[in-house]
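Common to both upcoming complexes is chain A, partnered first by chain B, then by chain C.
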Partner chain A sequence: MNDMTPTREQRSAALEGMGCKRKRVEDIRFTQGKGNYVDDVKLPGMLHGDFVRSPHPHARVKRIDDSEALKVPGVLAVITAETLKTVNLAWMPTLAGDVQMVLADGKVLFQNQEVAFVVATDRYAADDGINKVIVEYEPLAPLVDPFKSMDKDAPVLREDLAGKTSGAHGPRKHHNHIFEWTVGDKELTDAAFKKAEVTIKEMISYHRTHPSPLETCQCVCSFDKIKGELTIYGTFQAPHVIRTVVSLIAKLPEQKIHVIAPDIGGGFGNKVGAYPGYICAAVASIVTGKPVKWVEDRIENLTATSFARDYHMTTEIAATKEGKVTGLRVHVLADHGAFDACADPSKWPAGFFNIVTGSYDFPTAHLAVDGVYTNKAPGGVAYRCSFRVTEAAYCIERAMDILAQKLNMDPAELRLKNFIKPEQFPYHSALGWEYDSGDYHTAMRKMMETTGYAALRKEQADKRAAFARGETREIMGLGVSFFTEIVGAGPSKNCDILGIAMFDSCEIRLHPTGAGIARMGTKSQGQGHETTWAQIIATEIGIPADNIMVEEGNTDTAPYGLGTYGSRSTPVAGAAIAMAARKIKAKAQMIAAYRLEVHEDDLEFDIDGFRVKGLPEKFMSMKDICWAAYNSVPPGMEPGLEAVSYYDPPNMTYPFGAYLCVMDIDVDTGVYNVRRFYALDDCGTRINPMIIEGQVHGGLTEAFAIAMGQEIRYDEVGNVVTGSFMDFFMPTAVETPHWETDFTVTPSPHHPIGAKGVGESPNVGGVPAFSNAVNDAFSFLGSTHIQMPHDFWRNWKAAKQLGAVA
Partner chain B sequence: MQMNDSQRIPASREQVWAALNDPAVLKQCIPGCQSLDVTAPNEMTATVVFKVGPVKATFSGKVTLSDLDPPNAYRISGEGSGGVAGFAKGGALVRLESQGADVTVLHYDVDAQIGGKLAQLGARLINSTATKLAGEFFKSFADVVSAKAEAG
Partner chain C sequence: MIPGSFSYHRPASVADAVKLLSDLGEEARPLAGGHSLVPMMKLRLATPAHLIDLHGIPALKGISRSGNNLVIGAMTTQHDLLASEDVAKSMPILHEAALLIADPQVRYRGTIGGNVANGDPGNDMPALMMTLGASYRLEGTGGARDVAAADFYQGAYFTALEPGEILTSVSIPVPAAGHGYAYEKLKRKVGDYATAAAAVVLTMAGGKVATCAIGLTNVHETPLLAADAAAAVIGTSLDAATLKTAAAAAAAIMAPAADARGPVEYRKHVGGIMVTRALQRAAANAK
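Moving on, here comes the complex of A and B:
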């Protein structure tokens, strides 16, 4: 070898494979304003549609008069439920097994519900048309409080369900009841509570909020009458699912539907569902024969397309005097709004909320969830979390703090005492999950050592004493949170959407010059898939990541996949990439063996090619193998080098982490200062540490928003009063604290590359850390639980109620 | 939303009562009132331009006088629709208290409700706006009535 021969380290670095802080390739276009979003799609003759929406939360629609609207210059059509009935599309199925009005059919059930769709030559004309549509309403009593949904005299919201005593998830107890879902051993749990030395009980609410991506939901539908083909450009986190749904409900052959999701400006769960806008734009295009664009404005996005959370969780823990937990009992009242349009896998009406035992070894647990209707927007999407996992993590992490307070124990110590031990993995939880791997004690201790936890507690004690002496008006809180997520939905044995198993897919095709393309069933909304997917291939096959183009979002070219949400891309599609790559590698090995004239068993893979064992000089690079694949394959072998993998995961993955929030609150103003936030994440094998750090920063910022103020609030008569960014808290760089990130690595034993997923962990773990910090700050004044969100006003109110402010 | 206040008017109770039942006076005093037409005894239709924060809309609707107790009290109520801007409805219980021959104190007790975009965008402004509008109405009402009393 001469001096120019690269070392193994140099060859490995040149691949920019797994573990490399590779810069995001998609940012080359994003940072130059050259992304291509749905609103950038401009087709010849394109029309624009916009909605007439209901000002009432609950009313009968007596009459819709579009005659004046049709006189507005540029207005071409006004579509109502009556129009949609002619094509049997006035209602559509939801992902949760319910049905939802596309346009108001006789009644409106939430404020800003879609009533009519005005189609015009431009958006301005459409808006002028909307102003001229006369809708006559007969207001009905609104039902806003979910705790009153099942009152005897509660108004009937869903007249279409009259007489239906069961729904998609079993029996209904009341006309506003959707489902009851129970898991766990009730008898055993009740018995544990009976003999418990210590118990706590608290109603912990996780308020309604909204994913609020900066790019709202939108689409362009273009129907080609001659070919009978419908092309839909849309902000879809799951393009293939949209294609199948459209085919099923519009009765169009699936091969004639082309769904294209171009660049997406954030999704966070908001862009999983199917919305009336998509249906109306498609119908309008079929009716007019022209492309029709629909773009939500901010108010519409916040008030009409999928909210998140709205879980009211009555939580009880049984424990010994020493602080060993012996039982968990949770009842959830789930406010689903007017239609059950929750985006969960079919068999999971409350998502994976049964991860609520968290990171702790509960010998027994019981969970019951009641879903109810109210006069609010439908939804219940997983806002930067796996299905209902952030609700579960918040529930258990608040409850553990409340238990610690009752036992007068340090909350970190209580957690260490109850963690599932490393040797217990794979661990079977009392509510039915099999946790793949974890080392909670190591993560927690690393957090405590790095942050100087003991010293912070000492400082807090000193500060409390100073507060009592009247020397300061500031109180200090330490928010400990230790979460276990459940992501990577999921195994076909228990996860499907509309009957389609939740696998995911990858197709890799290598070109003669040592380059290639990977097409995916996933769809990035900012996660950086174009960067990270290529890194997995680089390490697996030995082709530099820069030579791999990643393509997502076109259902004509991509293999069928279930899309990107619930931190499923790396656990499921990431595995599919590795499996497809390994198929290619196996064929490459045969080609190399043939060319090097040895038996393939005599070859070993070495970074970027195959080497004959014991003969280091006999080496064939992957680049050369790619060329050979197209001209000199072994006799009887097909040329080419490509593979597809559809990966059905054997289990979920269970990322975890230890977070600490240090917060000071001025009792006289309620103003808080997040002095420090430390986040240790264990997401198994780390593909790109820079992207992980970015994911953690983003997730923590959203967690901060939710815990400290972000809320979709209704007044007592059903008006949404947080319908714009003036009232809906969207943190900017000004409000956002500094984040400290850290990690441990506990690979997933069943995932081909050991990766677990990270995009949503910081939101799941972050919310309880913030809320626990606020609650911890106030606890010495006598409070046990203060509901989120903890904005300045509510903090001040808490201080006042606790007597800290005159 | 609820509010109550009172306004001292330098006029007799009968003069105030008469003005309270005079559509021309009401039209003059309701902030933003474009038209007010009597359609039946104690019933009127009105068009009012209403602005809360960023939302401005023309509301048309019905105004009704009820619980009439001349010359002591009545209830004035109205509801109107502002199209895409939403709707508003509400009323005021108005009570007159004589404080001598030429002075009357007008007490008002208002409850109002808004819905639609007005409520979504204007929630944080609605109380202050309503207080301001009610104040404006009763202030100009007092001015008009006292001018009439002086002239009369």
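Moving on, here comes the complex of A and C:
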């Protein structure tokens, strides 16, 4: 051994495997403006499409006159529902088992609904064209308030459902009712409430908002008439699902559909489902024989493609006087807008909302969700969260604070008293989930110690006294949030999309020189898959991450996968990577054994190669094994070194975290200041701590936006009034607070590398932390619950209603 | 979000610009920084057939002294204002307010002329110009005239500009040495218009307010001078009761619209608070 021989630490570091703060390889092109997004796709002869949209929230379409539009230079076609009917595409199925108009078919059901699609030689002509299409409407009474959806005299929105007394998820109670979904033991829960010493009840709303990624939804569709092939470049979080859906609804052979998702500028759930723009661009390409591009503008993105949330959750907790919870009862009124276009696994009309028991040991619980139609844009999608998990986390975390207030207990103490204990894992919740692992007490105590929680409470008490004496106009709130997520959809036993099990996949090919390519069923939209997937392979196989290229998004080359959303990539595809890597490793071991002339059981894996046990100098590196795989494999073995894995997870993963928000509010203006925000996340095994930190920063920023002002709001007659970033709160670096991040590590016992997923945790845990801080600030003035969003004027209104402002 | 077609003109002198504007009539709009007009065109809420770009006219740019007045060319950008030592020294409130306009990218492009001439009640400079007693030079085919900022604004987007006229410069009397100043702006985020804002310029003598002017932004269809509120503080040391009276007097002339920034009651309430805070800060930094 000389000085030049690298140490084990150096060999390990050279791999840049799991646990390494490896710089994001994709950023080389992104930071130089060299990304390749859908709008960068320019095909020869490409046409442009744009929508005529409805100014009315609810109206009958009496007549569409396209004659003037067709006279506009450059306008080639105007597609309406009548055109689409000729190819049986006027309506399309939604992922939630409903159907949705592609273009207005006799009626419009929300403002900015797609009415006609104008196809022109350039983007300007298309817009000139839409301004010349004359649409005659007969306005109908709009239904805006979901609480009035099931009134006896409520207007009939969905005439296509006339006479249908049941939908995809069972019986319908009313013409505007979509589904009722119940989980849990009602009798037992009602009994718990009957004998409860203390109960609370509150209607907790989680307002309508929108994922609003930087890049809007867009596509380029190109139909080759000769080959009968359709190529679609699109902003798709789940390209394979799009291919299958297109095949099923357009009746095209699936092998003749090529879906390519290039670089994507953020998804956050907005890019999971199928939108009318995709269908219209495809039909336009088939009709014209030319490629057709459709690019949504910001107004269209905010007002027409899928919103998120809009859950109104009447929540009750039963407890003992000492603060031990004994029962949970929740009824949700879910506003889906004009069509149920949720992007949930098919059997889950309210997603995984039954995670609503949260981190607490509820002996019994009951949940009922009623979905209803209103004259609003259809949805809703999972905005940076697993399906309806952020709604559930907000519901229980707000309710626990309300219970703490009623019991006059500290909210952190109440949580500690009711947490599922480490020895209870795997834990079966009252609403049917099996939590894989957790150590909630440790995480909570670490948060309390690191932040100086007790001292902050003391400061708050002093400040309240000073406020009472008239010495300050500022109030202080501490927002505690302890969330448990359910991510990684999902096991085939309970998760599918349109009948396709929610597995995911990885194919790894190693090349002779010790390099390779990994192709995935997932699709990064900014998560950094090209960086982190290579790190898993580096650690598993012993090839440097820099030698592994990761490719996603092309359905012709990638193995079938269900895509990236719901924090499923690491729990499902991350596992597939490890499993594929282990298949390769097993073959590599056989090759090494053959070359080193020992039995393979005599070998042990050592960072970047195999070593003969007890003979440290007898070593074969993975680099050399790769070469050998192409020229000297054992007799009878096929050459090459590649593997594919389709991973069907045995369970979901359950990341958790303890957050604290410290906020000051000026009661005279309602202006808040997030003085401090601490986020402890436990996502199991950590693949790239730098990327985790970035994910947490991003998710917290979105949580901050949502809790403190970001909403899609309709006026009382159904006009959407938040159609731009002027009124839809999108914080800049100036408004965004400073984030402190921390972690504990509780690996998932069933995941090959113990990882749980983290991208959405901060949004799930962040929203209740902000809202609890506002509510905690006002609680001493006598309030129990103030609805989100907590923007300045609403804070002032709360202060005024509580008598703090004259 | 795609504008309709229009013809583009780039005159090299004010005379050419005025002639074009006059010849092309109502179908023509002058283009300065474009931060109000271009978004309106992208939404097709404005569909001018002709755009007359004023960027080719060197005479419209620059900051100079004329007697006790600072004369600022209409095409001088907010960034130019921020870069000017003269503005920073002699008229620090202009510096302070310019920094509260949108973000650096907008300030590189946005001009003082466009800001004051458009008649948008959300713009910050008009109330400030009224507070400072500024006047605007308007030039048309018939010649030039000066109009006081206080007489310029007639309604939302309605001003004293006659068809064919262009606002070419702003003339601002330099406030007395040692004056106190403040521009208090409540906004939801960077880039937003004011929920309410107040400009105060005052002088103090013997611990009492000697002179005072108060301007209000975005609480009415035009910018406002809060004359009663200003009168109420003269001769006082801005005690709590006086501040309350002044805030109430200012709120009494406010008539904001309810919008996503808040209901009318809130916007008036915080308008009063902006007045109070601006008075206190101006008094504190007066010498």
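We take it that the second predicted complex is superposed on the first by the 806 of 806 C-alpha atoms of A that agree within 3 Å, B and C clash if a C-alpha of one lies under 4 Å from a C-alpha of the other, contacts with A are read in each partner's own complex, and residues count from 1 in each chain.
We adopt the following convention: a residue touches a chain if its C-beta (ideal position, glycine included) is under 8 Å from a C-beta of that chain, and two chains touch if they have at least 3 such contacts.
Since the model is a prediction, treat every value here as computed from it, not as a measurement.
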Tell me which partner A:V75 touches in the superposition: chain B (first), chain C (second), both or neither.
neither
With the two structures laid over each other on chain A, which partner does A:V717 touch: chain B (first), chain C (second), both, or neither?
first
I'd like to know which partner A:V52 touches here: chain B for first, chain C for second, both or neither.
first
Chain B or chain C, by number of chain A residues touched:
C
Quick one: classify A:E735 as touching chain B (first), chain C (second), both or neither.
second
Determine, under the contact definition given at the top, whether A:M726 touches first (chain B), second (chain C), both, or neither.
both
Touched partner set for A:V144, first chain B, second chain C, both or neither:
neither
One more residue to check, A:M502. First (chain B), second (chain C), both or neither?
neither
Could you say whether A:D668 touches chain B, chain C, both of them, or neither, answering first, second, both or neither?
second
Let me test your reading of the model: by the given contact rule, A:G709 touches which partner, first (chain B), second (chain C), both or neither?
second
For chain A, what residues appear in both contact lists, the one with chain B and the one with chain C?
131, 299, 721, 726-727
So, in the complex, the side of chain A touching chain C is made of residues 50, 123-124, 126-128, 131, 297-299, 668-671, 709, 713, 721-722, 726-727, 729-732, 734-735, 791-793, 796-797, 805
Parts of chain A lying in touch with chain B, wherever the complex brings them together:
52-53, 55-57, 111-112, 130-131, 299, 303, 715, 717-721, 723-724, 726-727
Can you tell me which positions in chain B touch chain A when the two form their complex?
81, 83-87, 113-117, 119-121, 123-124
In the complex, chain C residues that touch chain A:
1-2, 4-5, 44, 103, 186, 188-192, 195, 259-263, 266, 269-270, 273
